[in-house]
Each structure stands twice: as structure tokens, then as C-alpha cells.
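Next come two complexes built around chain A: one with chain B, the other with chain C.
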Partner chain A sequence: MTATTPATAPATTAQPRRFRLRLTRNRKARAGLLILAVYAFVAIFGPTLVTHLLGQSPTAFTGQVLAPPSAEHWLGTNQDGVDVFAQLIWGTRSSLLVGLIAASTSTVLSVLVGLVGGYYGGVLDQVLGAVTNVFLVLPGLPLVIVLAGYLQGRGGSIAVAIVIGVTGWAWGARSKRIQTVSLRNRDFVTNAKLMGERDARVMGAEILPNLLPVISSTLMLAVVTSILAVSGLEFLGIGDVNTVSWGSMLRQAQERQALFSGAWWWFVPPGAAITLLGAAAGLVNFGVDEITNPRLRVPRAPRVKGGRA
Partner chain B sequence: MTSPTDERPTDERSAGRPVPARRADDRPVLAARDVTVHFPTKGGAVHALDGVSLALHRGRTHAVVGESGSGKSTLARTLALVQQPTAGTVELHGAPVEAARRRRQRREFAATVQLVLQDPFSSLNPLHPVRYLLSRPLLLHRPKMPAEQLETEMLQLLERVALVPARRFLDARPHELSGGQRQRVAIARALAVRPDVILGDELISMLDVSLRLEVLNLLATLRDEEGLAMLYITHDIATARYFADEITVLYAGEVVETGSGEDVTQTPAHPYTRLLVESSPDPSPESLAAGPGGDGERPRADAVAAEPPDLISPPSGCRFHPRCPLARPRCAEASPPSVEVDDGHRARCWALTDDEQYQRGSAA
Partner chain C sequence: MSATTGVAPVQTAGRRSGARGGALRVIARRCLFYLGTAWAAITLNFLIPRVMPGDPASVIITQLAQRQPITPETEQAIRALFGQPEGNIAQQYVDYLGELSQGNLGLSTTYYPQPVWEVISTGLPWTLTLVGVTTVIAFLLGTGLGILSGSRPGRLADSVMAPLATLLGSMPYFWVGTLALLAFSVTVPWFPSQNGSDLSLDPGLSVEFIASAIHHAVLPALTIIVSSIGGWFLGMRNMMITTIAEDYVQLAEAKGLSRWRVMMSYAARNAMLPQVAGLAISLGSVVGGSLLAEAVFAYPGVGYLFYQAVVSLDYPLMQALFLTISLSVLAANFVADSIYVLLDPRTREA
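Up next is the complex of A and B:
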């Protein structure tokens, strides 16, 4: 997609209308991106800051058990006497990493399968369609549980993420294939082919950018569902037990009956973190939709209207 | 300039209208020879084109006129090698060209023949700026072009289609342009490869009426200045008359009349062409009732209001006979031969062979 803007940039009066810039101009996308940026910042720098500035660790015993939030322990401590805030920050890093890896795996797979199958059609399409259908009817969760249990010792949470990605691409591939089929016979694609463009370029530069709304909507959805899936696995005790994550925090809170002891500070923060991330992903999704589909956009400045009757 | 062949001689552009009269040795740039296109369907083959021949000459416009379903777009697509003919050949500079399956063949063919599609709203990828749309054909056909030259060429292309100031249009995206501007971008993109032939499929039908003349004049200028051969497909015989040197009238996939624009529109020989001319722009019964004021064989409104022809099992004999005001028993039995009404003006109608009075009427 970076290839769509030629590198030569003359001094023109017209504004450069790059995708990135327009994404920050859209209010919904901006709000979503801001939240995502905070998450990313926390995931990258949070653990270091918590260790050095607050002197907290996600595993160390603090001396206080089930203490409510205080100036010293911002989100209190859990039954093991560990600082919940520190756990939440560390959990953000591992949860985001796993979610992103799983989501990119499934998105890349679904785009490849959908685009290639939809564009070429014929036997290739039928084979890819059959594979897609097989992955659709595979019972996802049991498969993930089995594979994750098997891979636990071998690759940790990264392996689990890839398993989630590999089992979750089929729906996305279907929607991308359908979109590709509808774009394949559009005039601008015919024109590119007539001009003698390579198939890879027709797919990459003509069709793929038009799939962006579908891709971004499934990507954001995939990030959220992957995080939910990983959290779910960890909640069930199947994920990597040594990592501190939102899922493992929730599992501990459930096992130690945090609800009955009224320790809301133990389970509300990881739940809220997942929810807010989902909301942010949704906002970005709406924004991308508006940008890539000009018809959804509200015009800001008067412009020359098309003459379609 | 990377090579001396990059530039056309400039004196050619300023030479004014180089319209040669039709000469015997005037070899067509692109031609269709007895092209037949059938589309197989479950109910039988759709006869989109049957034995259509047509030639495009340098510096001249050939209009193909016909109603929806007459096969005009199929003809354009066949000439552009998008559609493979069931029978017959497409000839480029007199040599038959095979269907361009390979990318290299497509690119070579596209360097000579460019198809401009009807709908400028779907022929330009909405996500690409004009800069990208114009740079692709330039780079595909001359891959080593340096960036500054690319820039200059793109600006020149935009100026040639009267999109000025060109720099402002370079970074615009299709949705920021009007229909007429978009179609001019599409024309500029076709011109980028310096083709010899432009195939225009209903180029102006999606444009506002006020913009149509502008685009037609632009095309006429380009044709005259660069000696382009042009195929102009339209359902509107009035613009064909204004713009084209030759007109071919298609009905239900067959050529019913062909000749110079003047002859076909002033003295139409085939009853279908007459109806088109008389009722231009739309063949309504009211305008037909006014009649040609001619030879007593006034077309009957009810004959014309009939259904369009079924292309899976086309009418026997002359395909126009179920709607023809002059239909006689013979018309349903055999397909009429091509009759030379005048020099280079041919039509296929039994009335031309049988009917003295009709011939005189058409020649008048």
C-alpha cells in the first residue's frame, strides 16, 4: 500500500492526501488511535516505568494482602500480596503482543487466500475455497485448547498466538474473496490488465487498497477476539502460566474468589482494559471505513460535484 | 529524452486537420474482419455480433451506432482484445492479431490500441490520485523514465486534455473531480502510451449534456492533431453525425448500414437508420408519427414499438423485419445482401434491391 504514492513530490499547492494524515483528521479514528497509542505506550514503556519509578513488581510480595487501592499501591494488592497495578501493566504488554501476533497471522492468511482465490478464480479458487471451508467447520476452541496445551512448553504465548491466528482466518478469507470477486470485473481492474500490469500489481495496487475497509474491520476484530481468546485460555489455565496477563489475573481472581471478598480492584482493571481496547479498535475501524469509502464521508469543503445523472 | 523515438515529429501536430479523402491504398490501422461473437448461455448462444467488419483509419473517426444490445460494446471489447471473437479476426496494420493472453502481448497491443470505457466513475480506481493513474501507463511502456521527465510528461498529458492548471489536478483523486474531468483523465491515461487508435465505448453517455460537446471537441482536436484513429461508439446518431467521418449502424449484432457520416445521416438507406435519424435522440412513436415527409411509406408507430430482438434466436432473414415498416414476406425468409447505394455507402435491405421507388427515395 505504500507503493500507491509515487516518491516524487513536487512543490504543489494541493494538499497531500495520504492515508495516514486523513486517519488522524477523522474524529472517530483519532479517538481510537489515541486510546491505542496509550495502550502501546503502556505496553512498551509501562513495565520499566513501574519498576523504576514506583518500585513495584508483578510477582513480588509486598507485605500487604488484599489491600484496597492506596497511594502506595494504586490498584491495591491481591491475595498473594502482589501489586495489581504492576500486574495490569505487565499484562498489557503480554496481552497486546499475543493479540497482535494472532491477529496479523489470521489477517495475512485471510487476505492471501481471499485475494488470490477471488482474483484467479477457477480451480485454484475452488481448492482454496475447500480449504477455507475445512477451517470454518473445524471446532476452533477445542482445537486451540489441544494445540495450546501441546505447545505450552515449546513456544510459550507466541506459539499460542500463532495457533489462534491459524485457526481463525477462514471467515475473513471468505469476505475478502467475495469483495475481490466483485472488484475483479470492475472497469479499473480491466483497464489495468489491458494496460499490461502484472497480476501481482493488479492485486496489490488496484484491488488490495479497495479491500482496506474489510481488512481493517477484520483486523481490529481479530485483535480483540484474539485477546479475548488468549485471555479465555489463560482464564481456563491453558495458556502460559508463567506470564502475567489480563487472562491470568482474571483466573487468579476467580480462583481466589475475589468477588466474595469484595476485592473489586483485582478483577475490574483487567476486564476494563479488555473492554476499552475493544472500543478503541471499533473506533479506528469506523474511521478507516469512512476514509476508504468516500461515500460514507461527510464533505467538509465545497467541491466539484460529479455529473452522474 | 532517452531515445529519439520518444517524440513524435512536432510538425505533425501543428499540421491542422490531415483528413485524407478515402483512398484505395489507405490501409486501416485497426480492423475487424467478419467478427462473430456468441456468448454461450444455458438457453443457447447469445448472438452478440454476426459477421461484422469495420475499419479504422488514421486521423478519422468511425462511429458505431445502435441501440442497447446491438453489440456495439462487444465490438469495442473485441477490437481491444478483451473479448475473443468466436469467428473472424482483428487486424492491426493489416496483420491478424491473436488474443493477447500473455501480459507482454497485452502490453504491446495496448501501446497501439487504447480502450476508453463508458463510465469514468468506475474506470478510475477511486483510491489512486491522478498522478498514479497517469504514471502507470507511462512507466509500463517506458520503464526507465527518470522522475523529472515523468513529471513533465504527466503535466503535458493533463494540458493536452485541457485539465489546467495541470499541477492542481495531479494530486487530485477521482472523487474530487467532475464526470467530465474524470473522463478527460481517462483520455489522458489512454494518450499516455501514444497509441494509434482510441476505442471510445459510449465515452460521453455518462456525462452531463453540457459537458458532452466539450469532450467531443477535445477528442476531435486530438484526432486531428495527432492523426489518431478513433472508434466512437454511441446510441445517439446525432453526435455521430457531428463527430464522425464514417458511421456504421448495428442492429441485433449485424451491420445494417455503413458509409460516410454525411451519407448515412443525410440519405439513410436502411429503414432502421431512417428511424434512428428521424427520431434522434430517442425513437418515440410521436416523432415517428410526424414522419419523414417522404415517399408515402411512412413508418408505422406500432411496428417500431415492438420488442427488441431476441438475440438467442434472432429473427429469421433480415433481423429488423419484425419492427420494420417496410417488411414484406421475403424479409423473413432470407438475409438481404449488402447493396452499394452510393460510393462507399452500403446497406442491407431487400427494399434496396427490389424497390425502385425506395431507392430513389433514399437517394434523394
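Up next is the complex of A and C:
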């Protein structure tokens, strides 16, 4: 939720591979990517490992209620006597999945709007631009809450994820439109047009590949912001309240007054998981900013007063 | 808002004749855009109950009928606001606008028989004060620290504050709120855990009430500031670093101006512009964040009302709140946008 929006990368778009290379070479971005990779690993393999190695389940009663962390229950148990660590790991999977669905939805929409508007220009571009601006200034969370309020849990978390995607594409569309505008008069695009290629093909085969670096980095950030949004909704009790996720864990802890029973192990871990994930995305964002704006690359050694990189 | 955020530096506003007129023209154009957006919000509000699954009008009528028999006029008004499965959609739109223009947003089903606008008007002062004050504090504090940090990038203060801001900005509002409750309400009982003021006091301008209201607002305000300050800080820091490398800042330094003067009058003044533009856009997310914070602290603002409306399926209240929040965010956006146009002469040329 930072105000710093992913900077666009006009200079790097022509060389997708080099952009990716530089992203892994940037220290901050590398740290962020590493954390994201750990989350992805936990989401994919974690639940299996927890079930088979630790023998814990995210829903089963363990016989102990509100037990503090121990060798057997790494993060203790909650008021229903369920292992919190198992819930956290399963929650990683469902939270990441929902975030991925929401982010994919918003990314597809933003690419469509940005690409079509930027490519054709004219009235179509102006209309799409106006729609984009409207979605940019309408407050997102209240809109999502109203829509989810009507869903009443119909369609489960996936429906909520799609709602988040449908309301959150505007920023991406704007940056992709700018990219497309800068590309549409390049020689290779003109060439393809003169060869008589259809517009759809020019957009899909000539321009889209050049947008990929921007798409991939914004997709990653969109996954994280979507997870934040979904957790907020689940915390409010909107959406599918029966799935085990970070948001629903926090909601349960709040409802059952975990605060007042001192069960910190119940509500600190899910919040910390969300925060660390958000920080990882922030680091990647930092790295992207440093790559696209070389002035931001700060040398580590203290500098002479007023010195420049 | 415009795409010209901080590209070429324009050091001082060269006030040519007609610059003011240009500003007015741009503001008039922005005004038109926001009116259009307001219309879009009103229309969305009309479409949502009709497009989404379910028949909210029937739900509302059933909810109300359980309390007391409802008159045909009331039923008709509800149908006009929330839709009927059969019937001409254009006619429905006209009816809806008609109800809206008379200020009729329906009756709240949870606070029956209060009209929703009455319910909302009890929450508005709380939220406006809370969000208004916290936004200003977070903006000033974040921007100020950003100037400090960005004027000496890589130094100790910067290398501590930048990662810290990233971390703070990643903490979800509702979790920060929960932690604040744990620390300052449960462990150390300094602040109350819910409500906007001592319920035994009558709201008014008495010293007692205001003191109690401030006491109750500390934790929600702290939550919003802590969660939103990171964004302001990072935005300003990055713009500052970019700006101090500009020729005119180097020239100012070479002239031997004091460091303070160079940083404030030359660098920060220009680096600030995107912050003001950012203010407009992030207002929407501040409102969303305050919604979550209010839910944690049971703070009696519009966010908490919204939360209650969704949980108890109070569609009239929910719709009216969405409309109110959207329109207020748009109005605030318009103000922030206009300030930006007055501050940055480049926006008037386009």
C-alpha cells in the first residue's frame, strides 16, 4: 500500500532479458525475490510437509485449548484447540492462491485496456483513459466491500478475488498504456503494420512481448496488494469465512478475544506473515525503482557532502 | 494526477500574464472530470444491486415487514432504489435518480426506522475528524522525514528509515490496530479499547467530552498514521534523491547557499509536487484503511457503520455509505488536484 507506484521502465523495455538480469543483481530486489520464493515454496509444499512430517492438521482438535507454543505445537493452539502453525502454513497456500487469482484478473484487464488504448489512440484511447481515471479515484476497498456484500459468500474466495481484480486494474492500465504509446511508432511496429499484419497480431506479437518485464513486476506487486486486500476483507468477515487463511485466522482471534486471553501466538504470526510478504514486495519495488531511475542507486559507503553518484 | 509528475525542473513559477487564467481553465476541466466521475459513482450505485446476484429489494422489504407493515409507497421507493427483476431499466434509472434528488436513500434496516442519511450523519463527524487529522499528520511527518532522509541518501538516518518505512507500510491496518490494542489497552491500560468517547457524556463542545474523544481517538489515529506514513516517506525520499542531482540544485550549492536553503527552497520545493499529486490518489486508500481501523476499535465513524451494514445485510445503509464515501473522496481529490495545479505551473500549459 505504498504511495510509490511501480515506476515504468521506458529505457529497459526493449531488452526484457537484461531487465530480469539486473533485477536479480540488485541487492534489495534479490532479497525481496528470495522471500517471495520462500513463500511460494511454503504455499506449494508446506501443507504436505506439515501433514506428513508434523502430523498436524489445520482443522483437527488437538486436545489442548489455547496452549502456548511448544515442541509439539510450534505456534501453540487456538481456542478451538487447533494447531496454529498448521493453520498458518495452510493459510499461506489459500492466501497466495487468492492473491494470484486477483492479480491475474487485474493484470489481464490492465494489459487489455492499456494496450488497446495506447495502440489505437484517438477517441477510443480517450474513453478508456477516462474509465481508467474513474477507477483510479473511486475508493477501492469500499467498492469491493459493497460488491462482496452482495455475493454473500457465493462463489467463495475465488469470487472475492475476481472482484478485487476487477476493481484494481487502473494503475496497471495507465503504466501499460504509456509503454504502448512509446512503442507504437517504433520501426518494428511500423514494419509489421506495413506488412499488412492484423492489429490484434501487431499488439499480441510485436508490442506485448516488450511489455512483459513491466507486466511481470507489476503482477508480483499486484499479488501482494491483493493478498492485503483479501486479508482485510476476511478480517471483516466478508467472503468465504470457512477457509483457513491469514485473514480468517486474524478474524477468529479478534472475535474470540484472543487479545484479552493473552494468546499472542494466535494473532501475531498471521499478521507477521502478511507484513513480511508486503515488505518483500516493497524491496522488489525498491529494486525496480533503482534500476529504472539510476539516481536512486545509493552507494553504501558514506559520501562526501553533496557528492553525487 | 497528470503524467507530468516531476520530469523537468521548473524552479520558480514564471508568472507570465494569463498564468492564472490557465490555472482556472485547467481546474474547470478537472471539475468536469470529477462531475463525470461522480455521475459514474451514482450510476455504479444504481447498477450494483441490479447486476449482482440476489434480489436485495425483496430482502429489504421482508426485513422491514418483520418490524411493522409497510405502506405501498415505501415499497415503491425501495423498489426504485434497489431494483425490481421485471421492468424497464431506463425507467428504473429515472426513478432512482428521482429518489436520490429528493435526498431519499431509503431506511436503514438495522437502525430502523431511521433514514440512512440520519445514521450516516452521526458517523461522519467522527470519521472526518479522525481521517482528516491523521492524514495531515502522516503526510507532514512522512514528507518531512523523507526530505531529511533523501537529502543525504545512504547516510545512517536514511539507511535506518528507508527499510523501516517499507516494513511499516507493509503492515495491514487491522493488524497494527490489534497490536496497538494489545500494547496500550490490554497490557498497559492507558487507552480505551472501543467507542469514540465516554458513552455517559453528551456529545458537544464541553471540555470533558472533547478530552474523552481525544483519549479514545489516540489508538485509532496512531494505527492509521503508522500504517500510512511509510508511503509518504518513501515517495518524498525518492523524489528528493532524484531532485538533488539536478543541475539547478548543484548550481545553488556551488553558489555557496546554506545547505538548509538548498534543500528546502531548491530541492524539496520541487520534489514535493508528486507528493501533492499522490495525496489525491491515496485519499481513497486512507479511507479504506480507516474503515479497517474503525472496525478494530469499534470507533463510531462511517467505516464502522459500513462494517456493521455489511455484516447485518443492511443494503440501504451499505449503498448509501458507498455513495457518501465515494463522493467525499472525489471532492477531496478535486481539492488536492486544484492545489496541485496552483502549485505546478507546468500543469497549466497542457
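To be clear about the criterion, the second predicted complex is superposed on the first by the 202 of 309 C-alpha atoms of A that agree within 3 Å, B and C clash if a C-alpha of one lies under 4 Å from a C-alpha of the other, contacts with A are read in each partner's own complex, and residues count from 1 in each chain.
The rule we apply is simple: a contact is a pair of C-beta atoms (placed from the backbone, for glycine too) under 8 Å apart; a residue touches a chain by one contact, two chains touch by 3 or more.
This one's a predicted model, so the numbers in the text were calculated from it and none came from an experiment.
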By the touch definition at the top of the document, which applies to A:188: first (chain B), second (chain C), both, or neither?
first
Could you say whether A:200 touches chain B, chain C, both of them, or neither, answering first, second, both or neither?
neither
First, second, both or neither for A:138, with chain B first and chain C second
second
Which touches a greater number of chain A residues, chain B or chain C?
C
Touch check for A:210: first (chain B), second (chain C), both, or neither?
first
Check the residue A:279 against both partner chains and state whether it touches chain B (first), chain C (second), both, or neither.
second
Just to be sure I follow: which residues of chain A are touched by chain B in one complex and then by chain C in the other one?
4, 303, 306, 308-309
Give the list of chain C residues in touch with chain A in this complex.
3, 33-34, 36-37, 40-41, 44, 48-49, 52-54, 56, 153-155, 158, 162, 166-167, 169-175, 178-179, 181-182, 186, 227-228, 230-232, 234-235, 238, 241-242, 245, 250, 253, 259, 278, 280-285, 287-289, 291-292, 295-296, 306-307, 309-311, 313, 315, 318-319, 321-322, 325-326, 329-330, 333
Quick one: which bits of chain A touch chain B in the complex? Just the residue numbers, please.
4-8, 10, 12-17, 186-188, 190-199, 205-206, 209-210, 292, 294, 303-309
What residues on chain B touch chain A, complex-wise?
80-82, 103-104, 106-108, 110, 115, 117, 119, 121-129, 131-132, 135-137, 140, 147, 150-151, 167-168, 170-173, 175-182, 189, 193, 206-208, 211
Contacting residues of chain A [partner chain C, same complex]:
1-4, 130, 133-134, 136-143, 145-152, 154, 178, 228, 231-232, 235-238, 250, 253-254, 259-260, 262, 264, 267-268, 270-271, 274-279, 281-283, 286, 289, 293, 295-296, 298-303, 306, 308-309
